[in-house]
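Presented sequentially are two complexes of subunit A, the first with subunit B as partner and the second with subunit C.
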Partner chain A sequence: MANHVLDITNEHCPMTFVKTKLKLAQIAEGDTLEVLLTEGEPLNNLPKSAKEQGYQVLSVTHVEGPVHKVIIQK
Partner chain B sequence: MEEQKKKISLIAFSGDFDRLTAVFTLATGAAASGYEVNIFFTFWGLDAIKAEKGRAFLGKNWLTKLFGFMMGGLSNTPTSRFNFFGIGPRIFRYLMKKNNVATLEELVDAANALGINLYACEMAMHVLGLEKKDFIHEVKDVLGVNTFLELSEGGRTLFI
Partner chain C sequence: MYDFTEEELNRYSRHILLKDVGVEGQERIRAAKVLIVGAGGLGAPVAMYLAAAGIGKIGIVDGDVVDLSNLQRQIIHTTPDVGRYKVESAKETIQAINPSVEVVTHRDFLMANNALDIISDYDFVVDGTDNFPVKFLINDACVMAGKPFSHGGILRFEGQTFTYVPGSACYRCTFDGPPPAGAVPTCSQAGVLGAIAGMLGTIQAAETLKYFTGVGELLTNKLLTFNAKTMDFRKINLKRHDRCPLCGKNPTVTHLIDYEQATCDLASHKASNK
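Up next is the complex of A and B:
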């Protein structure tokens, strides 16, 4: 089981979602993906969208300023 | 009972740079959120899926060849406003890159990576003298209205 990291803090809609989706498609079953994202649309919707697609959202934590960390398990 | 997959089908009629950006933004955003996405390209919209990205004499006779040349491909798409003989799209591309917003070309690549279903309109292809081989290989099929209606049933449909 490996951990992967994806920073989408500098991305905008729709690439925030696109990059996360493509990364999740690449990693192996059971692996975790740590996504660094900002408040607003990504924070409000990315964890929800991941859950809807059958992934597990292990945690959502505040890093600093507008940046949050979401850990998703495939 | 398992919930049916969410679905959105877009009719890409326009060949405008800005409208096509809207098509591919919606399509990739929806696909990344787990939607099944179909895009049906017709008339001017066919410019977006031509294998030849610049101007090329595509067509079967002199008239359609001339049309093909004037329409061009993805890299020639004009903006619906402020086109200024092709300077407009260049300025938009520059602004998008500068602000780290995906350009139209990046969105098309993302659409292909996400496995979005691309379809071409049989009737418009016939009028413009285009064949399936004139399009990028990701174009899944050439369709008519009835097949599109079947594919889009049970989901949302937008005409852009």
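Up next is the complex of A and C:
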């Protein structure tokens, strides 16, 4: 099982989740996706949206400054 | 796999966000090839929504030219298009909405001698025609070719539609054959509220997108009817019949038929072909 990284710190809603969904579609079942995003709307919405659509959110951690890391399992 | 450009991700973002569509569904929409028979009241919204949705290839069959009286409902055509071939005008609008859609124009009427050939290039057929002979022709050709299609019809304030997939009830399971020429008026004789073309056409477009994405339940074995006067919508169960002259056990309809059309329809077609 591989881990993938996606940086959406420069994206705005809803493209944050659109790009996350694209990446999730591209990776294999069981793989994890590490999403780097900023606080505010992306951090508030993305883990919630991912859960709503059936993905497992493994962790949400602060990286530095406004940047956070969300790990999602497909 | 799932190679979408930045522009595509943005354009289709509202589809991709949907759990039931997603990137996978949008990919299936992009790979889809849809034939729309008739670039009129129903074909207009169908073509426009399917183009906007990013259907990969849209074919349009119509031999007619745009008439001023079409513009009350055929919103794919505009005033400067009067006199132009409908397929050309429709193609222009589709490409203005979404340049990535491949548009194939069939500047012809669907007939027994060209129907199977034309539909063979497509995955799904949408009936946007205004007369019974062609509705039966589309049904027969699609059933024979094992091709799914959306039936649609409107008149005055009413509309009806169902979706066929191989194995479900076909038009002839319920209706033996077209009514005698002239027995039932067409839109051009009886009139139609323009907006109901949009109501029914968008239902057909939604069914098409549901077919490709696999979302929800199609209107198979169900005839959806509505009356815009009361805004009553009804779903009537349709049954596949073993006695169906087309898809039953002992079919009597074994080849495509050009049924007679009401003479005024033929006259108007001839006139517009000049």
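Here, the second predicted complex is superposed on the first by the 74 of 74 C-alpha atoms of A that agree within 3 Å, B and C clash if a C-alpha of one lies under 4 Å from a C-alpha of the other, contacts with A are read in each partner's own complex, and residues count from 1 in each chain.
We take it that a contact is a pair of C-beta atoms (placed from the backbone, for glycine too) under 8 Å apart; a residue touches a chain by one contact, two chains touch by 3 or more.
Remember, it's a predicted structure, so these values are computed and weren't measured experimentally.
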Which of subunit B and subunit C A:P14 touches, first, second, both or neither: both
A:Q26 touches, of subunit B and subunit C: first, second, both or neither? second
Partner chain in contact with A:E52 - subunit B first, subunit C second, else both or neither: both
Doubly contacted subunit A residues - partners subunit C and subunit B: 14-15, 17-18, 21-22, 52-53
Residue ranges of subunit A touching subunit C (in the complex, touch as defined): 14-15, 17-19, 21-22, 24-26, 52-54
Residues of subunit A that touch subunit B when the two form their complex: 10-15, 17-18, 20-22, 45, 49, 52-53
Residues on subunit C engaged by subunit A in the complex (per definition of touch): 1-2, 4, 9-10, 13-14, 16-17, 19, 22-24
List of subunit B residues in touch with subunit A within their complex: 25-26, 28-29, 31-34, 99-102, 106-107, 110, 113-114
